[in-house]
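One chain, subunit A, links the two complexes that follow: it is found with subunit B in the first and with subunit C in the second.
And then the complex of A and B:
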């Protein structure tokens, strides 16, 4: 149907908007790279790219989970709180060693995801409200468990945060593997198809006999687990557990990355490569402004402009 | 209906609908008690079998003996004072009085923990009955907290205000009962010696100046330095920046501030911003962090970039134990203290005042400093 309209009414603007929505984020990344290579001293170095990648890795990991949730026409506001929860639980159980601590973190995160998913799938609460509860409560719980910042000296945790394989830090490897995995799940598995079908129309998916509630719960659990991975990695990098500030406003960064990457908030479509590029775009933008010592308020304004552009491009698609 | 020619589908759909409704109903009924019980159970189990790294050593609590107390900076001649006649109260003996203390933020950071502890310790030392309340960073709660303290019979009040404005209801209630108020660490926008007695705090501009002195000494007064700013729109940030820049301009024109970015007073942001900084400006000689946490983040960033201790001089403000340990280890050149131990000074002021003698309206605490010479022996004084 869309093709027919395009053929009969050759609207250039529509075509430009469609192009922008699919490729705009990559164009943005490329543009920022070129600009920085020209104007930023010491930008073209392996060390610099390593830093940007390491800083963006936790955002990408959280954004992957967020993309899945948004694909079901939901949203998860509790990811930052789950990161904080993961940080404080890591600190609490590190005495047993890294692996047992990580298992306990996984249990807590799965519990958080289960609570979100159950509220959305069974009780029928709107995702934004259901996850808002845990956004507030999760950080509260994290602070009850660990009231203030605690330094961590576990060598295994430290190497997770700063170690590398052939010069590529673990953080980047983990983010890359997770991104490929999530992209595979969305494109090539039944689960991925079901997820998108639910996002397109939940009543239709239900009528078609899809396991709607099971898929929803799994999606929210996966999102919480990914947030917990990001929380543990950020903690490992800092070598301190800081539940007061870790993951603050992370939900917004993740949603921004997903939306800028071309995934519509209306669900039914997930663009994983775009999500990764969206996170990279915001990271490069922030880095550019910081490296040139522009006032921090500019970063927020620049981010807002990028979001508005992305939403404008997305609007064109919705109107076809 | 059009999409479903088979009746069996219709049947299954209705079944789903019914079960959903039932679950909804049941969950709503159970939701509250279950959630509460669940949260309690989670908190209990999590803390009962937890085992953090520090369980064995257990040396985290600063000893009471290490409490350095405070000295007052000698007031400038001609500074305003306040007496009980001018304020309009009646003389009481502090030992028989009840003191109410209202803390602003939750005790989740070393500064607030040390502040509350200092008030409690001093009250215990003097044998004064103390009532405490914590507003958990909510201003409306702090207002009702103070009103509660008044209702519970506090004769004197020590307040660590969350905001400077909006205190009228409390001040009126206190004035009606003639209860003297001392505010600590932040000021209330009201008339001294009428609405409250004295204000005790650090001089943040002076802290910035002293940090600049340390930076000048560490770098030799030449080169490029960066500032990790605190949260935007915070008076601590602006005043610590102002003092630092003033002193650098006046004493070391060779030292240039080439980078000012906010680290939001957190370690994580301090680390991220420093990582960007050392890549774009590899020649940076010093970093002034406006609190310890950002300074420690900068240390983490330098370590991650393979720098050695002392390659980049770091000066921070606050005086927490971790930062002073950083001075001992050689990563931080100097720490300017922001003294949280208001207890002795607050009670001394109240004592003097209630005996009918005059007290200054603005009292500035003496902040100490840590550098390579005294960090090791004074580590116990850090909070």
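And then the complex of A and C:
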């Protein structure tokens, strides 16, 4: 059926569509930049770019982990809950110093990822369902640990959130380093190849003798760890731990960034550069609407439409 | 038509025949036990928890408390009913929480123009969003979770746009028919409880006794097989998402009538509660197998646990989420194992 339609569609249209799927996100970012330079006052200031970049950094970090999970034909709905969990654990253990607190956060996040991964890899539950349980329970646990917003006074944490190197905030640096690292892992390592092979066809990967379960578990653990990093950074920027609202709808933003960036939900392909551009696109879109005094409600509606359009454009690409 | 019916039945009793054909009653009995746990496990837990709770807390088994629990369960139950249909087709609807809130605001806003508008407006708008979900899932073949996640965002945006970013709360006048529908009681139980029971009876009949219901099972059991047998796969899917949207809107409208206002902060996380209830009630998330009655039991179980946590007093209400999440994980693991045992036999 798909082949038949492919043959009848003129070649030009297919080519345009394929070009849009791969480069559409960059074109979108460029378009929004140009539009903003023309219509938004003070858009071209360094301060504005800094603000936008700092705001988008946590989304990029979460989206990197999500891209890996989606590459295995999975999805992780629990990233927002893991962010909240990271925020409350940070607040609880900050008394022992920043480093011990971060270690405990890492242990909690790894545990969450392990739970997701084990459900997917060993029990064989669908990823949506497996991570749904932690999405429900994780935020509950975060609220049990820390029932309400708590201000954090810790110089080390404060400098992590607002410090910079040569004018570039730590948040942006961390996000950039992590993006490069994840891109390297996907493109240049055995683990990256195995991950994509599993996403392409899990039975085939199994028959080829790949360590399917181990790779899946590592992917979910990495995704949870990245979400925890984003949670800690967001907490550091806020200078307060807010388990009630931190990371709300983050799973949606991350999945959107990944899908808009040209990674198919059907797995087997991961586009890291596109994922980063996807996150930037959503951020710019939201910022544009907000700067022109559109209320948040309309921003949400616009975001919903962009998601549906992106998924619609990406449809069928994974199946070829 | 008979072909589809047979398929749905075999899908529901998958694996039973080969086991029976194997001869001795041993495997058949354990098969039946598996099915029994699958279908009535939640009911057994519900009875157990209720018994323990009524012995432990004097205020649990009182008429007031039971009435309150029934009324507050009613709204979630209506949402879970629609979710049951969607999940049996193998889909998922994450937009119901937002549609619940939107339905409530629309009902309260519309109540200024009469009860008819107040009831029809939420049904119309939420039903339309359900149709869009269904079209995108069935015709454009997009993943249900991403479509309905986008709808959740869009519907909440629409609700905020209607209420001046959540600052306005529309009220429902006292003494109107709508207020009576939400707050009044009949034979000692709140009207929403009766409406919910009626809807569940209708839902069970539709699912078990109509052509549409058989199509729902067939689509969830094996979509390709259903399509090959001539079941209208796309139409069935569009209908279940529409139904889910309609019921979420109705639940929101009734809830607004009960509260006498369209509260904008409601419905957050309700999709998760509804999915948990449906899954706990024995409906398979992979589709093809499920019970309307199980979802009702699942909702009651969640509400009873919530009530117990409230009664303990020293526990924060967020424990409810932890318990739900843990419960969901346990049920899903159990389901997967039970399902695998069935396939092996």
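Everything that follows uses one rule, which is that the second predicted complex is superposed on the first by the 306 of 320 C-alpha atoms of A that agree within 3 Å, B and C clash if a C-alpha of one lies under 4 Å from a C-alpha of the other, contacts with A are read in each partner's own complex, and residues count from 1 in each chain.
Following the convention adopted for this analysis, contacts are C-beta pairs under 8 Å (C-beta built on N, C-alpha and C of every residue); 3 or more make two chains touch, one makes a residue touch a chain.
Fair warning: this is a prediction, and the values are worked out from it, not measured in the lab.
The superposed arrangement places subunit B and subunit C in clashing positions on subunit A. Using the contact criterion defined above for the overlaid structures, shared-chain residue A:167 touches neither subunit B nor subunit C, since it reaches no partner. Applying the stated contact rule after C-alpha superposition, one finds that A:147 touches each of subunit B and subunit C. By the document's definition of touching, of the two partners only subunit B reaches A:293; subunit C does not.
In the superposed model, A:123 makes contact with both subunit B and subunit C. Once the two complexes are overlaid on the shared chain, A:304 sits against subunit C while remaining clear of subunit B. In the superposition on chain A, contact is made by A:75 with subunit C only, not with subunit B.
By the touch criterion stated above, A:252 is placed in contact with subunit C alone, subunit B being left untouched.
Touch criterion not met for A:155: it reaches neither subunit B nor subunit C.
The contact surfaces that subunit B and subunit C form on subunit A in the two complexes overlap at residues 123-124, 137, 141, 143-144, 147, 296-297.
For subunit C in complex with subunit A, the touching residues are 92, 136, 140-143, 145-147, 149-154, 156-161, 165, 269, 272, 275-276, 279, 285-286, 316, 318-326, 328-329, 332-333, 336-337, 340. Subunit B makes touch with subunit A in their complex at residues 3-4, 9, 12-13, 16, 20, 23-24, 27-28, 31, 39, 42-43, 46-47, 50-55, 106-110, 113, 229, 232, 258-262, 264, 266-269, 271-273, 275-277, 279-282, 293, 296-297, 300, 304-305, 322.
Those residues of subunit A that touch subunit B in the shared complex are 40-43, 45, 47-48, 51, 55, 89, 91-96, 108, 111, 118, 122-124, 137, 141, 143-145, 147-154, 162, 206-207, 209, 234, 237-240, 242, 244-246, 248, 287, 290-293, 296-297. Residues 75, 77, 115, 119, 123-126, 128-130, 132-141, 143-144, 147, 249, 251-252, 255, 259, 265, 295-301, 303-305, 307-308, 311-312, 315-316 of subunit A are the ones that touch subunit C when the two sit in their complex.
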